[in-house]
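The chains carry the letters A, B, C and D, assigned in the order they are written, with residues numbered from 1 in each.
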Amino acid sequence: MVDYGDTFALWRAEHPEAWREYTHHRFVEGLKDGTLLREAYLTYLVQDYIFLIHFSRAWALAVTKAETPEEMRLAARTVTSLLDEELGLHIKTCAAEGLSEADLFAAREHTHNIAYTRYVLDAGHSGDLLDLLAALAPCVLGYGEIGARLARQKSGNTPYADWIDTYAGDETQSLCRDVGALIDGAMGRRLGSDPQQSPRWAALSARFETATRLEAGFWAMNLPE
Amino acid sequence: MVDYGDTFALWRAEHPEAWREYTHHRFVEGLKDGTLLREAYLTYLVQDYIFLIHFSRAWALAVTKAETPEEMRLAARTVTSLLDEELGLHIKTCAAEGLSEADLFAAREHTHNIAYTRYVLDAGHSGDLLDLLAALAPCVLGYGEIGARLARQKSGNTPYADWIDTYAGDETQSLCRDVGALIDGAMGRRLGSDPQQSPRWAALSARFETATRLEAGFWAMNLPE
Amino acid sequence: MVDYGDTFALWRAEHPEAWREYTHHRFVEGLKDGTLLREAYLTYLVQDYIFLIHFSRAWALAVTKAETPEEMRLAARTVTSLLDEELGLHIKTCAAEGLSEADLFAAREHTHNIAYTRYVLDAGHSGDLLDLLAALAPCVLGYGEIGARLARQKSGNTPYADWIDTYAGDETQSLCRDVGALIDGAMGRRLGSDPQQSPRWAALSARFETATRLEAGFWAMNLPE
Amino acid sequence: MVDYGDTFALWRAEHPEAWREYTHHRFVEGLKDGTLLREAYLTYLVQDYIFLIHFSRAWALAVTKAETPEEMRLAARTVTSLLDEELGLHIKTCAAEGLSEADLFAAREHTHNIAYTRYVLDAGHSGDLLDLLAALAPCVLGYGEIGARLARQKSGNTPYADWIDTYAGDETQSLCRDVGALIDGAMGRRLGSDPQQSPRWAALSARFETATRLEAGFWAMNLPE
């Protein structure tokens, strides 16, 4: 099991069903064994491109809400990493299918996509950095966990090895550990050494769960009904 | 046909299908002729309570983004009207069913509900007052239009006359005319006397359409599939 | 001594010098005994009009960051009270001097005025409702405390009795008690029953002090050097 | 004369006095000829460190308000450049004087410093990307212009050659041209091919002027009175 810090481990343990529904979703298993339909994968890539645009905006919002230079630098580094690197996989794969970045940027967002990204952004605007991080965590850390697991379990001939390698790779795993440490530090600095005793714990954990459920909905929206 | 100003008339005319899908939705027709299932209505009321909480937040955001005292006062008046009056119908009706305001506030938000309200809030945060107003308009003005039509067309024994009367009533209709004038004024002040010639027109009209589609999704989510 | 709740009493007690410098400023004593120059008072009224516009925006921001319907309603009521009533004193007095509301709205903001209001708004955007309330508190509650004291101590012939009566009056005093209760409730809900033990206490108290110092600067900027 | 695009040239030309007061301030001339007191320079560096922290936050806010991937990437690159490189000069110089980065981060902000950075942030929150860019422009582009001029005019023995070289250097000059192009592009995309005819032009130009005046105040606050 991946280790991305104490807070993440606690949040994940508090919502085992939602976490499993997200990280072991039929879509994910289809990436692993290669049974995911190409069409569903492409639909996903287009929507995920738009997702990552708004997700970058949410990490940029984290820069504006950070309380230390270290928090700022890590959040800024994540924005750059998302815009310059993670989007690269999407742009490259879609280009091979004849879709330019302008096409991706102009694609119509699915309602579940809108729901997830705008929920994260509003978590930041309505609360403080912790509210934002609790909503950001399931995507970043969940993808890291999924990538690590799929790298071990994938079938040799899945056509989605590129995707798996991106998220299982050192860069993503290192980012996940950094983000986990950022969350632990931010929690300690604001809630003290025993955050579970804070009156805010339940609301933060609920934000994590809501974002986790929205992630599961994001997988589902790309599959035929 | 209701008259809530020039901008609204133009936006509505540019998206006739989406507008009709929203304002003549099966849910709406069920309110009119009384065929809407009570259970669907109650599901709607609970979700709409949460919707109005976030919609009030969006109008409060408009206060922070206004450029004249008049814009501020109208937006502030709308917040108060939503929190003190419009929610009253929901609280009263739900109380009769044994649901307290605390129950309503704590209800789990439907994904389509999250999508709509957070989209509106993000329209405000990412853009200026016009972006926010374009996303706010379909709800306020659409409900006014629906209320006015249903008051003329409703069957005598629909159990949803209270709902219809609220939105057909003078208070709502007067608010709709004020909001329409606010939009026209805000457009003129920022885009000039011929807003359709502005490069921003297309994006604002697209925001109006997206919010309109999210409204249709809001009706649909309360109905059995 | 006025009683506007526990948190306010603690914050005030932690910064006695800054608090005294603000609430017993030469400007304030001039209002009390009537020695304040008319010109300084008018300069103040114009700047304070602009201040209250942005202060209303900050209370509207509080509506967007509230966590309960009660928090939302009180914050919304404060916005309305500021825009519809408190500004009335400024508009009426300035009208008697030949200045319209449009003149007030268009006046050039003093740098100290910009510093104070934008600091409060940024406290809200960068943090959560508590950060915003800590920055809002010195103005609302300090004016209430000053008004109450000056009503007892004012000389019979001060020409500034209108100002004193506005802030000593029931409406302001009642608002101050409500805001004090809002702060206590918001602190309890987020930091628990012993907020002084929270790691956030020091930062919140520092925000209160910064805003208090900016208030003192606001008085000073209207006086001849 | 530096060339950072059309919009900047127009804004600068509309406010010649404020621009000259800022770019030829006594503080600037003291950097050029070396007559600036060391103490004033160090006071400036500490305040400017805090300034740049909040300025980075403002550029991160620009990422959240951008409308194209290119706008996002340039804004994100500016955040990283400010946090990773520009702050380096301050940290290095202050370290030589015995001040750690933690000391800098914890220093008390001058009121004029608060006024400037929070004004910029609020320009972004209250308006759209153009409002934010108009408030950001004087700092970025003014420093580029000052650096370029001082590199030509500096006396051989000024101890402030490091500062001058930083802002006259290729990296800063290239960033200034990119930011100028970003502004021109953002103006064209939102206001059309003749932005001066837009009703928003006057307000945007006024924002530029206000930020320019706040820059002049920023120099002045470090000098003995």
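FYI, a contact is a pair of C-beta atoms (placed from the backbone, for glycine too) under 8 Å apart; a residue touches a chain by one contact, two chains touch by 3 or more.
A quick note: this is a predicted structure, and the numbers were derived from the prediction, not measured.
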Any chain in contact with chain B as well as chain C: A, D
Farthest-lying chain, centroid of Cα atoms versus that of chain D: B
Between the pairs C-D and A-D, the one where more C-beta pairs touch: A-D
Gap in Å, rounded to a whole number, between the CA centres of chain C and chain A: 42
Between chain D and chain C, distance of the C-alpha-averaged centres to the nearest whole Å: 31
Cα-centroid distance, chain A relative to chain D, in whole angstrom: 34
Residues of chain B touching at least two other chains: 57, 64, 121, 125-126
Interface residues, chain C side, partner chain B - complex: 53, 56-58, 60-61, 63-64, 68-69, 72-73, 75-77, 79-80, 83-84, 87, 101, 105, 121
In the complex with chain B, residue positions of chain D that touch it: 64-65, 67, 125-128, 131, 188-192, 197-200, 203
Chain D-facing residues of chain C, complex: 57, 111-112, 114-115, 118-119, 121-122, 125-126, 214, 217
